[in-house]
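Common to both upcoming complexes is chain A, partnered first by chain B, then by chain C.
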Partner chain A sequence: MNTLTMAMLVTAFLLIVTGLFMLVRTNNLIRIIIAVEIVMKAITLLLILAGYINGSELLPQAFIVTVIVIEVVVAVVAAGIAIRIYRHNGDLDIRKLNRLNG
Partner chain B sequence: MSASFTSLIYTYIGFPLLAIVVLNLIGKKHMEKFCAPIGCAVGVVQAVTSVITMLLLLQYNKAAVNFSQFWDMSVSTEAAYFSVDAISAIVLFCIGMVTAASFLTAAGMREEKMFNYTNVMLILVLGMSGIALVTDLFSLYVFLEITGIASFVLIALHRDIIGLEGSFKYLVMSAVASAFILAGLSFIYMETGSLRYDAVAEMLAGNTAAEPMLIWLAFLFLIAGFSIKSGIVPFHGWLPDAYQSAPAPVSVVLGGIVTKMAGVYAIIRIMSDFLLGTYSVINLAFMLLGLLSIVMGALAAIAQGDFKRILAYSSISQIGYIVLGASTGSMIGLIGAVLHFFNHATFKTTLFVNSAAVERQTGTTEIERLGGLQKQMPVTGVSSVLAFLSTAGIPPLAGFWSKLLIIIAAWQAGGPLIAGIALVASILTAAYFLRLQRKVFFGPVEEHLSTVKEARGGIAVSAVALSAVTVVVGLLFPVLLQILQAQGLL
Partner chain C sequence: MNETILLICLAFIVIAAIACAMFRSMLKCAVSLAVVSALLACVLYLMGATWAALFELSVCAGLVTVVFASAISLTSTSRHQPENEEEHRKRVAGLPFILIATGMMLMVVIAATGFHIEPQANAALVGLSFKDVLWNMRQADVLGQIIVILAGAFAVAILFKESDKA
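== the complex of A and B ==
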């Protein structure tokens, strides 16, 4: 493994950890969506790296385009749900989402 | 022969797509009243097609049929293709059956958003069929996401705050799980340069990994991702919320098949295609996760106060059995896991249909406010007793045989301790279901429930049909075991 590979791997891991940390720490619905998006960006980086290591960049490119499309759809659905929750609750605090437990 | 096979495989993906196109071309105004029949037809066609596929596979004595559309699959090791084998055929049958039951329930509940429900349900069916047919990990991810997105929308269909909450929890956990699965994929891709099941299996079997570290990392991520998707303890937080908050027909399909397709089926695939016997540490990890789910799911189910929530925790416990069977790494465990998958789809769908009937007729699913419904709702009462006996593994019914196979396989792979825990947890199953039956169906009638009538129409039809499947499959099981023995699989 050369320096570039190592650097990309470390960056991707840092991004994953950042995203997961944000996901656990925040109480805001929109920030949760952003955190998930950050994790997905790290995954995109990992896929690029996989293509680079193998010397076959074509297939990962197709993968990445597909991943981006899917990720946008997930973000749209999540944002739609967040807007509906905002209309019901008046704010975006996840601590008010406590009607289901047991 | 291959032409008939190919056209058969088209129906799995093509028929739901065709139904969506027809529905939306003609429009909501004219098609609203045909939604339930069309949805049922899609489910029944899928179930019948999978039976025919199974018979053709047996007749031509083939393990699997491969099929690709726009390119020649032999052209490179990276080309994707579809494939149907015995496991996929059984799973496709389950999808068809549960879909039909869900549409019947929706018709019986007088679902007010029937048109939207039908469209999204058909996309969900398409996604689940895709999961059963694909043969490479990236296509698996794509169909997982189709299934996931369709189920988020379905849970929040009525836009009530409970549905939105359950849906958002499921969405976030599922997005994290997808990210983990993709990370695992990219590590595997770094090693093999291909994500096809056969290429990965070859690399793992030959131990040709240049950096074994990457493979361990990949499986760490894949185990975490698929465990979240299937709701195994300790990754189960979202599952009861999603099941409880979903509208009744949606929780039928969620509990019956969706989480099993998205997580457990992928685990069965990985175990059967890549790991049968190799990498024993991963098998052990899944075995322990399975045991933990069996025990914790059953214990948590005892303490719940909502009909659907009890069923959700019971699902976690039964998923544990399926994962335990698949992770034993032996053929008998794998067969047990697939058969328990089928049985679970049957009896858990029956129970969710029953909960829908109770919800429709009484307006609540809290068991403290229910009681003595056996007299007024005989069909629901009897079918739920049958389903519960099958879940608990009482001999003549279907659930007993698959649990028996799984426990035998667990004994062979992990010794008497693991098999013993799985066996004792079976008694816990009986405990929480007896509590459920006593509170809801047995005993004296609650005063405010004295005018309740049996649910008619679609709900009763699907409850009776699914109970019939449970009983008939249970009685035919020895024959099935003899067929498997004749094939040299047991």
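== the complex of A and C ==
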């Protein structure tokens, strides 16, 4: 395995671990959305690595564009939900989200 | 030369992601995410995925950062941050050690199992452009993207709809 392939694989795994660590260790809703975004960056990196290994970047590019569109929509909708929750509860702490009755 | 720049970019991606997790300030956290996106765009460009790099830089590093900055500003989390500096530091202190352990474990597993991947030439898509692949081969993806964008726009419209009672 060449150095670049190895480095990309390790970087992607480290990004996934960082994202999962943030997901587990934080209680702030916006930080959780940012953690999901970090994991999605790792997926983008793995897709381009797949293209590099297969010898063509064309198909992974099409997939990456799809991933980016989904990433943005998830970020926008999640940020909207976070803002609504803040207006409703006055806090973004997920431990205090125990009032889900409307 | 390209490979060296790629390796440097990959190293800085990990550093920026760690910084994103370690910063207590939400705005610094969002800016670190933008740095991760910008560096990832550099990696994509150097790997030959120029269109993906363009989208990553303009949409992820630009638009998503603006969305997060707006959300942080609207929720004013700095005033309501329940944990202090010391508490936050304790909470994220383990991350660098976990990452070092994961990296080393991954190296050991790759070395022990003899896991081997070599880049190979692909003749299937020779002569095609990104435009051909996206619009002619992945039409279902484009349709799916349109539906996802419309669903997102509809969701935001519902979320911020003025209440009838008000």
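A few remarks follow.
Everything that follows uses one rule, which is that the second predicted complex is superposed on the first by the 98 of 102 C-alpha atoms of A that agree within 3 Å, B and C clash if a C-alpha of one lies under 4 Å from a C-alpha of the other, contacts with A are read in each partner's own complex, and residues count from 1 in each chain.
Criterion: contacts are C-beta pairs under 8 Å (C-beta built on N, C-alpha and C of every residue); 3 or more make two chains touch, one makes a residue touch a chain.
Predicted model only: the values in this text are computed from it and were never measured.
When both complexes are superposed on chain A, chain B and chain C sit side by side without a clash. Of the two partner chains placed by superposition, chain B and chain C are both touched by A:V77. Looking at the shared chain after the overlay, A:G90 reaches chain C, while chain B stays out of its contact range. Once the two complexes are overlaid on the shared chain, A:V24 sits clear of chain B and of chain C alike. Shared-chain residue A:V39: touches chain B; no touch with chain C. Between chain B and chain C, the partner in contact with more residues of chain A is C.
Of the two partner chains, chain C is the only one touched by A:L15; chain B is not. Shared-chain residue A:L59: touches chain B and chain C both.
Shortest separation of chain B and chain C in the overlay equals 5 Å (C-alpha atoms, whole Å).
Residues 51, 53-54, 56, 59-60, 63, 66, 70, 73, 77, 81-82, 84 of chain A lie at the contact with chain B in one complex and at the contact with chain C in the other.
The touching residues of chain A, when paired with chain C in their complex, are 1-11, 13-15, 17-19, 21-22, 25-28, 30-31, 33-35, 37-38, 41, 44-45, 48, 51-66, 68-73, 75-77, 79-84, 86, 90-93. Across the complex, chain A is touched by residues 3, 6-7, 10-11, 13-14, 17-18, 20-21, 26, 29-30, 33, 36-37, 40, 43-44, 47-49, 51-52, 55-56, 59-60, 63-64, 67-68, 70-72, 74-75, 77, 80-82, 91-92, 94-95, 98-99, 102-103, 106-107, 110, 115-122, 124-125, 128-130, 133-134, 137-138, 141, 144-145, 148-149, 151-152, 155-156, 159-160 of chain C. Those residues of chain B lying in contact with chain A across their complex are 78, 138, 142, 145, 148-149, 152-153, 156, 159, 161-162, 164-169, 171-172, 175-176, 178-179, 182-183, 185-187, 189-190, 193, 240-241, 244-245, 303-306, 309.
Residue ranges on chain A touching chain B, taken from their complex, read 16, 20, 23, 29, 32, 36, 39-40, 42-43, 46-47, 49-51, 53-54, 56, 59-60, 63, 66-67, 70, 73-74, 77-78, 81-82, 84-85, 88-89, 97, 99-100, 102.
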